[in-house]
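Take a look at the structures listed below.
Shared between the two complexes below is subunit A, which has subunit B as its partner in the first and subunit C in the second.
== the complex of A and B ==
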C-alpha cells in the first residue's frame, strides 16, 4: 500500500467527516440547550438540499452563493417548528418528545414527497464541480468546498456561543434553565434561537452536500444515523465534541472501509459508538 | 363505512379504467393489475396504456402489421370475441395486489390475469390466481424466484434477473469472438440488498465457470453517504472491467466518485436499474458516457425492426411518448395471452392453460428483441433475452446483440481527464 493511498483515504475521510460534524452540531445544540432529541434533524438537511436545488434549477443561482439564503430559510423553519410544535412539549415526558419529533420527521418527508415527488434530483454543473489534483492525489472540488464550508460554519457557531452576549445567554440557558430565567434571560427566545441555528446548520450542510449528493425526500435518513453516532461520541450537547467526533467518524468510515471492507464501514462506525458508550458514556467531551 | 368507500372507489376505478363498452356479443374479460396510484403510479399508467393499446389493436385487427392475430377483428378462435380489460390498482402493495386479484376473479369473473410489474406484488397476486386455477400472465417482473415456485397457472414472458446476468457473459464471449476483447481482471461493485447480493453470487459463479478472473468484490451499503473507500479498493485492484449493480442514488454517486478519484476501468458494465433511469444522464451529463448497461428494450431497435417502428408510431401518436422497456413488455404480454386464448378456442381454464403451455410465437412477430415466446415447465419464456446498450454522445444505443446493434461498442472508454 502506497503513501498516496493512505493520504488519499485519510483526507477523503476528513472531508466527509467535516460535513458529518456540521450536521451533528445542530443536533447536539438542541440537545444541549433543552434536552430534546430531534429526530427530524435529517429532514432539515433535506429541506436545505431542496432549497439549494430549487434556487439552482429555477433561478440559476449557484448553491455556493445561496448558502446564506438557505441558512436563513432554514433558521426561519427551525424557529417556526419550535414556536408551533416543540414549545408545547418541552415540559412533557421524554416519550412524548420523542414521538413528537419522530412525527415531525414523517410529516416532513411526506410533505417533500407530496410537493416534489419521490424522484432523485441533482445539481449538475454547479460552480463547484470537477476534481483537484495534488500530485498523485485527487479530490472532488465539491467535497473540498463542503469541508471548508463546514469548518467555517462550525467556527461561526463556536464564536457565537463563546464570544457574543446572545451566545453566552444560550450557554447559560443550557447550563441551568431556571437560574438563567431568574437572571432575566428570556428562555423561550433562547430556545427559538437554538432551533433556528440548529436547522440553519443542517441547511448549510444540505446546501454544501447538494453539489455532490442527490436530493430526494428520504435523503435525511442516510445522514441522521451517522449524526446520532457523532453526537453520542462527541458528548451530548458539546459543539466542540461533535466537531471532533464528526471527523473521527468520517475517518473510521473511509479508512476502515478501505482496509477492512466497504460492506463493514457502517458497522465499524457503530462499533466505535458501542465502545464509547461502554467505556466513556458521557462521550469524548461531554459533561459527566 | 370504510369498506363501502373502498368499493365505491373500486367501482369508479373500474369505470374509468375499463375499456369502452363492447358491442353485444361475446367478450373475453381479462384482469390487469398495475400500480395505478402510489409511488409507482407513473409507471403504472404507462403499463395501463400499453395493455389498453394492445387490447384495442387485437379487437380492431391490426391490419398490415406482422403481429399475432393481425387481420382479424377480435379473436377468430372464439367467433370474433373481443378482449375487455378490467383494471385493478395494487398501489405497489403486495396485500392489495392479492385482494385485487381476488376481486377481479370472484366479482368481475375475469378469465385470466395480467400484471403486476413489481415482483413482490406479482408474487402474492399470482398466488391467488393459482388457488382459483386462473391463468396469470406476467410480462414485466424480473425476480428469478417467481418461476421457481412450480406454479401451474403462472406464465412469464420477460427474462428474469438470472438470465440477464447470464447475458453479460454471453456478451463478453461474443465480444471476444468478434473484436478480440477479453477483460483479464474483473471487479464487482454491487449494492447490499437482496438484488445486489443475489447478482454477486451469480456473477461469481458464472465468472468461475467461464474462466474469468474476479480480482475484487465490493459490496456496499445501498444508503451510503460516500463511496470513497469503495472506489479506493476498486482502484487498487486495477480491473479491466467493472460490473456494477446499483440503484439510482448510488449509481450517480459512484460515477461522480470514479471521476473525482480518477478511477477508469476499460469498461463499466451495469445491471440496468439506476443506470437506465432518465435522471441518470440528466444529472451526470457527459460523465455518463461510455457506460454499458443491460436493457430489455431500446428505442433504436426501431431502426432494425420495421414492426417495432410501426407499433411504436401508433403508440407515440396515441400517448405522445415512445415505448420503453416496461410498456413494450406489457404490450407483448397481452398479445401473448390473447394469442393463447384464441388458440384454446374457449375460456375454459384448462384449455387456456394448455394453449399457453403450447405457445410458440416467432421473434419476427414481437416488438421485443427476443427469439420468440415458448414457455418451459415452470412457465418461464425460454426465448427471451436482454440487450446491452451503451451511452454514446448522451444517448443509449443498442450495441449487443450485434445483429440488432445500431452502433459499435466503444471499448476501452477514455480516461476522465481525456474527455
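== the complex of A and C ==
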C-alpha cells in the first residue's frame, strides 16, 4: 500500500468526519442544555439540503452563498419547533421526550414528501464542483469546501459559546438550569436559542452536503445514527468532544471501509462506539 | 378478582371471535398484524417498561428468532416448533451476552447502545452469504397444518397462534409483575441508587428482564417468518421495527400489563387507516398524519393512553366525591 493511498484515505475520512462533527454539534448542544435527544435532527439537515437545492434551482443562487440564508431559515425552524412542541415536554419523562422528537421526525419526512415528492434530486454545476489534484492525490472540491465550511461553522459555535455573553449564559443554563434561572438568565429564551442554533448547524451541514449528496425526504436517516454515535463518543453535551469524535468516526468509516469493505463500515463505527462507551461510559470529553 | 377473570375471559372470547366478524382477508391480515405487534410490545415492556431499560434494538432478537427457525428448517428440515424454542434460546443467550456489558450504561447511552448492537447484527446478516445475505431467505413450500406451522389456504390460523403467543407473553409479564421480580424491576427503574445500597444486584435483575423479553420477542420473529415465508435483514432486523415496538408500548403506557396491547392496537390501526386513505398518493400524507398523532399523544398524554385514562377516571371519581359531600 503506497503512501498516496494512505494519505488519500486519511484525508477523505477527515473531510467527511468534519461534516459529521458539525451535524453532531447541534445534537450535543440540545442534549447538553436540556437533556433531550433529538431524533428529528437529521430532518433539520434534510430541510437544509432542500433550502440549498431550491435556492439554487429556482433562483440560481449558489449553495456556497446561500449558506447564511439556509442557516437563518433553519434557526427559525428550530426555534419554532422548540416554542410550539418541545417547550411542552421539557419536564416530561425521557420516554415521552424520545416519542415526541420521533413524531417530529416522521412529520417532517411526511411534509418533505408532500411538498417535494420522494424523488432523489441533486445540484449540478454549482460553483463548487470538480476535483482538486494535490500531486498524486485527488479530492472532490465539494468535499473540501464542505470540510472547510464545517470547520468554520464549528469554530464559530465554539467562539459563540466561549466568548460571547449569550453563549456563556447558554453554557451556564446547560451546567445548572436552576442556578442559571436564579442568576436572572431567561432559561426559556436560552432553550429557544439552543434549538435554533442546533437546527442551523444541521442546516449548514445540509447546505454543504447538497453539492455532492443526493437530496431526498429520508436523507436524514443516513446521518442521524452516525450523529448519535458521534455525540455519545464525544460525550453528551460536549461540543469539543463532538468535534473530535466526528473526525474519529469519519476516519474509522473511510479507513475501515477501505481495509475491510465499504459494506461493513457502519458496523465498524458502531463497534467503536460500543467499545468506547463501555470503557468510558461518559464518552471522550463528557461530564462524568 | 373474579370480576377480573370474567373480564379476561370476555376479552379473550371477543378476540377469538374477531376474525369471524371481519371476513375480508386484508382486514384479517390487519388483525394478525395488530396481534403480533401487541405481543412484541408486551415483551418489550418487560425490559423497557417494568425494568425501565429503554431498548431500541429489539429487532435484533426478533430477527435472530426468525433466522434461527428458518435456517434450521431449510438446512436440517427441523420443525419450526423446535425452531421457535431454539431461536428464543439463541436470542436470549445473545441478549445476556450484550446485556452484561451494556447494562452499565444509563438512560440515553443505553438506548443508543441497543441501536448500535442491532444495527451491527443487521449489517452482519446482510453480508452473511450462508444465511441469504441481502437477498434473504425463502422458506420451502410444505404441506399446511398446525404440525408444520404453515398455512396457505387461509391466514386465519396465524391469528390464533399470534393470539396464543400474546396470551402466553401476557401471562409471563403478569407473573413477573406480581412476583418479587416486579418489585425489584420497579426499584431498578425508579430508585436505582437506593436499590443498589439495599444490596440489590442491579445487573442480575436487568439480565433476568432482558432474558424474558428477548426470548418472547424471538418467538414473535419465528411466527413472522412462518407467516410470510420470506425474511431478509430489512424486514426482520430494521431499527424502524425496534422503534415501532417501543412506540407501541409507550403509546399505550409503559409499565402496565395491557398498555402495550392497547398501544399496539392503536398504532397498527393508525398505520393501516392512514395508509389506506392517504398512502396511495405517495405524497407522504400518511406520514404527516401518523407523525401528528404521535406528537399529540406524546405531548398531551405523556403516560400513554392507559395513563390518560387513569388520570381521567381519577378526576371523575374525585368530582363524584366532592359532588356527594358538597
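Just so it is clear, the second predicted complex is superposed on the first by the 288 of 288 C-alpha atoms of A that agree within 3 Å, B and C clash if a C-alpha of one lies under 4 Å from a C-alpha of the other, contacts with A are read in each partner's own complex, and residues count from 1 in each chain.
Criterion: contacts are C-beta pairs under 8 Å (C-beta built on N, C-alpha and C of every residue); 3 or more make two chains touch, one makes a residue touch a chain.
Quantities reported herein were computed from a predicted structural model and do not represent experimental measurements.
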| field | subunit B versus subunit C as contact partner of A:186, first or second or both or neither | value | neither
| task | Report for A:85: first if it touches subunit B alone, second if subunit C alone, otherwise both or neither. | result | second
| message | On the A-aligned overlay, A:8 touches which partner chain: subunit B = first, subunit C = second, or both, or neither? | response | first
| request: Quick one: classify A:98 as touching subunit B (first), subunit C (second), both or neither. | output: second
| query | If you stack the two complexes on chain A, which partner ends up touching A:68: first (subunit B), second (subunit C), both, or neither? | reply | neither
| Of the two partner chains, subunit B (first) and subunit C (second), which one does A:118 touch, if any: first, second, both, or neither? | both
| task | Please indicate which partner A:274 is in contact with in the superposed arrangement: first for subunit B, second for subunit C, both, or neither. | result | second
| request: Go through the superposed model and pick first if A:229 touches only subunit B, second if only subunit C, both, or neither. | output: second
| query | Is A:266 contacted by the first partner subunit B, the second partner subunit C, both or neither? | reply | both
| field | Residues of subunit A at both interfaces, subunit B in one complex, subunit C in the other | value | 118, 263, 266
| request: Give every residue of subunit A touching subunit B within the complex, in rising order. | output: 1, 5, 8-9, 12-13, 16, 20, 118-122, 124-125, 130-131, 138-140, 143, 212-214, 216, 221-223, 226, 253-258, 262-263, 265-266
| note | The answer for subunit B against subunit A in the complex is residues 39, 192, 218-221, 223-230, 232-233, 236, 248-249, 252-253, 256-257, 259-262, 277, 279, 282-285, 416
| subunit C to subunit A touching residues, read off their complex | 54, 101-102, 104-109, 111-113, 115-117, 119-120, 123-124, 126-127, 239, 243, 247, 250-251, 254, 282-295, 297-299, 302-303
| said: Quick check on the complex: what are the subunit A residues that touch subunit C? | reply: 31, 37, 85, 88-89, 92-96, 98-100, 102-114, 117-118, 217, 225, 228-229, 232, 236, 261, 263-264, 266-267, 270-271, 273-274, 277-278, 281
